[in-house]
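Each chain carries a letter (A, B, C and D) given by its place in the written order, and its residues are counted from 1.
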Amino acid sequence: NLVLFDTLLRLGDDSLILGQRLSEWCGHAPSVEVDLSLANMGLDLIGQATHFLGAAGAAEGRGRDGDALAFRRDVLDFRNCWLVEQPNGDFAQTMARQFLFSTWQQMLFDRLTASTDATIAAIAAKAVKEVTYHAELAAEWVVRLGDGTEESRRRMAAGLDWMWRFIPELFEMDEIATEAAERGIGTDVTLFRADYDARIAAVLAEATLEAPKDQRPIVGGRRGHHSEHLGHILAPMQFLQRTYPDATW
Amino acid sequence: PDKLAAFEARVAADEFIEPKDWMPEAYRRTLTRQISQHAHSEIVGMLPEGNWITRAPSLRRKAILLAKVQDEAGHGLYLYSAAETLGTSREEMIEALHSGKAKYSTIFNYPTLTWADIGAIGWLVDGAAIMNQVPLQRTSYGPYARAMVRVCKEESFHQRQGYEIMMHLAAGTPAQKRMAQDALDRWWWPSLMMFGPTDDNSPNTAQSMRWRIKRDTNDELRQKFVDITVPQADAIGLSVPDPELRWNEDKGGYDFGPVDWEEFYAVVRGEGPVAKERMKARREAWEEGAWVREAAAAYAEKHAARRAA
Amino acid sequence: NLVLFDTLLRLGDDSLILGQRLSEWCGHAPSVEVDLSLANMGLDLIGQATHFLGAAGAAEGRGRDGDALAFRRDVLDFRNCWLVEQPNGDFAQTMARQFLFSTWQQMLFDRLTASTDATIAAIAAKAVKEVTYHAELAAEWVVRLGDGTEESRRRMAAGLDWMWRFIPELFEMDEIATEAAERGIGTDVTLFRADYDARIAAVLAEATLEAPKDQRPIVGGRRGHHSEHLGHILAPMQFLQRTYPDATW
Amino acid sequence: PDKLAAFEARVAADEFIEPKDWMPEAYRRTLTRQISQHAHSEIVGMLPEGNWITRAPSLRRKAILLAKVQDEAGHGLYLYSAAETLGTSREEMIEALHSGKAKYSTIFNYPTLTWADIGAIGWLVDGAAIMNQVPLQRTSYGPYARAMVRVCKEESFHQRQGYEIMMHLAAGTPAQKRMAQDALDRWWWPSLMMFGPTDDNSPNTAQSMRWRIKRDTNDELRQKFVDITVPQADAIGLSVPDPELRWNEDKGGYDFGPVDWEEFYAVVRGEGPVAKERMKARREAWEEGAWVREAAAAYAEKHAARRAA
């Protein structure tokens, strides 16, 4: 069941880490409305992580629950992609990350509603609505900032430039992803790469922005090889569980 | 004078005053100050709790806390809207906050040091807020009263969640229980200060009560809070940090020790332990977000222009 | 031996937390020379912390060594003052903190060389030279920035303004400090308050800066009641020891 | 041409060229590029290790790491000074770094993911650096050679400390051993890339060797590094991640698999995994520190003026 376990970890960790990143904004957003919408997305993502990681613990069958998985693994055991662990930066950078990720997650969850694993299918079915909204909201901001002022345009372009190199990892099909797709638990993400590219291009066009230059793909997150950011995300996130190992909360 | 008499008669009859109705300037001014201060408190109040979202000890607690802080942002929005109906823009109110002219609740100038503080804030701070706010559901100004109805419903939910955290900690490991007691020790007196100065130092109370924008005196509310909260602390085995606290059979309430009013006034002056952090965080969020707000406005304008063309 | 233990913790935690703060600058200072001097001070402070906390563990006699004390206590058990846990901010803020702290620490260590506790006396004797240098270096920067450009002056004033309210805590004589002074382990810090104020005033005068307004003292660090910053300092600092409790390094 | 012949004769005789001596423009240019690139590597190299100072697992390790990074800043300083003797100012060199014109070692564009990476950097990266640098103690340019003497002494100290960390981890808990092996897996190939392209892709090697600013070819140094390092890995029970690695009795050294030169050139182009982080950190430090450098200059000027008056 390693494939199911790992598939669930990848899904759960993506949501968890991005949710954690978004929650860093709390109280610091450009307006109360934006604060609300970032918290709202963060909440959706933490909810998804709770379901996926709970299911991962069950699939593993070694008595770890979602909290144990979220709070008691170190970086090498995290399975999220590099994109979600990237720093918030300014609001444009946060929206660049959200747009590139949620657009992908929406297409992914859409397909996962047909997963042969009933739990994955059920979580995806609920989450796809949330994520569709995230993708739309982020796309609106990409357009608004790209086609807003000179400054917002510059910042939006810089945000996309920072995040762009992490797209290829989203479409990586390693052994586990391939087997998950073959077993129908997961899906072959390369099949919607063209749709994804088209959607990104359409939004960038509307935002009057050019796509950044492609570069050598950066991968490794799905095998536990992350950027330096993840360790700094985990240290505060896991502090209480690490410090008080015998406590429940 | 006719208008004034009519206004006062409506208020006395517990009718709602609506934005388009005539009202005395002092009423408008007092209400604007009160509602905007309340709105600012919701927004600044996101910070001490936001400080623990990234460190919440379980996925469930993280989600609950995130939802709570989100509710506070929502309350801030209703309240700014209610205040705007009195003729002051949200930007003006925010500028007043950042310049130090407008105030927010003194309680948010204390640090959240441990996870137990999140419990203590829900239990004590939201508890005190509810005590202040429940009567305001019947305040004379319509938009404010209606905002309060929604706010109060959510606040009492938050208060229960906070108490539940404390209960859980108090029944937990020795380290957790210590954390809980320490949080109560630190938040107790500042919570009592939330009701404001004693009645003999609160000259505007009478006028505000006549206008039905206040329905009980500070000391009445404080007494009520103590009477409700002390048994809650007892129930989970925590001690209220007041050696003078004892039940007074005659008054049917607790006697309690004197609040350190010198500390209160220092905090009102902006000298609370983390007041500088709070104002810095709010100012930076606002200033660093300026380009986003400008971009959104520019985009909306371009778009409207294009559509019109 | 609680008084000795607590006295040593206060000394060690001050050095540890300020050393930790300074090490955050590593690689990010305004020039290589400044990077070097910040790392140098950080190193001195970590060294002092190692000695003081090691001695604290011995005084406690419960088998905790310096690392156990540094990496396995949570906020409520830390005994440092608020000043040292304040954020680095910009370089002026860092220098304001350093100036106010090192000037005090130098006067303190100078007296502690006469401590009746041989260990404290020995650590202080070695450290006072280091700290004298820190105080001088920081004072030079206060003068240089105060009397530099308009911008540096504004920043230096703001840095002092942030730190000023934490001075009274340095001169607090609570029960433990009083008993430590009576037993000759510690010293009565109030006795050099006037010297301290005079020194600060002299440097500010040279820097052409005015002293910030006094405000209500903020205290509590010596009893474990800290600002919100300390928790964020400890989470990364303690991460490895918390995450791998059975490991040695 | 006389000057040139005299210069070449001195170099061939292993004499030192000093700043005031005549030298060919190409020599000056090549050396400036090489020394400044080396200086930049020291400074950028502070970042991956600096990433773990705040998280070092013991007070002793923290102090050692802080001292090491401090040494690197020191090396950066000597090297900038050595390069300045060739007529380019430190500011110009730093501008060239920030604009992407000047390079630094590709190795620092990889992330330090776990504590074991600090060991791996000391062991492998400093190890490779020493291999490159030891011969440079006898390089033809005097100030560079003298800087190298000091640098090499400290680097070999760092290398031993790094190996000691790895040894400790490899003998530690299973989690620690896994961390150590994983670090070796990730840093091995990038370390081999530190010696630069293969000799047949390194057209300037011959000229540099004639000028004595390079004393061995890239492939010679790489081979030497592999031969020294593989037994070190064996000694602590770690495996070098190269299935083609085997001892070759005939050449008295190891055969090893091909380096991924596509990755190398991508990293040279600035596409390393954390290249953006490194350049952002350096640029921000420089830009955000501008006011400090300006203030120091302004103060010094005022002061000099006052003294003169």
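The rule is short, and it goes like this: a contact is a pair of C-beta atoms (placed from the backbone, for glycine too) under 8 Å apart; a residue touches a chain by one contact, two chains touch by 3 or more.
Keep in mind the model is a prediction, meaning the values are calculated, not measured.
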Interface with more contacting C-beta pairs, comparing A-B to A-D: A-B
Rounded Å distance, chain A centre to chain D centre (Cα mean): 36
Inter-centroid spacing, chain D versus chain B (mean Cα positions, whole Å): 56
Distance from chain C to chain A - Cα centre to Cα centre, in angstrom: 41
Chain B, residues touching no fewer than two other chains: 55, 175
For chain A, residues that touch 2 or more chains besides their own: 74, 231, 235-236, 239
Category of the chain touch graph - line, ring, star, complete, other: other
Residues of chain D defined as touching chain C within the complex: 43, 46-47, 50, 53-63, 66-67, 69-70, 73-74, 76-77, 80, 115, 168, 172-173, 175-176, 281, 284-286, 288-296, 298-299, 302
Residue ranges of chain A in contact with chain C within the complex: 74, 231-232, 234-236, 238-239, 242-243, 245
Chain D residues touching chain A - in the complex, by the definition given at the top: 48, 51, 55, 111-114, 175, 178-179, 182, 186, 262-263, 266, 269, 271, 273-274, 276-277
In the complex with chain D, residue positions of chain C that touch it: 16, 20, 23-24, 26-36, 39-40, 42-43, 46-47, 49-50, 53, 66-67, 70-71, 90-92, 143-145, 147-149, 151-152, 155, 236-237, 239-241, 244, 246-249
Chain B contact footprint on chain C (complex, rising order): 74-76, 162, 165, 215-216, 218, 220, 224-228, 230-231, 235
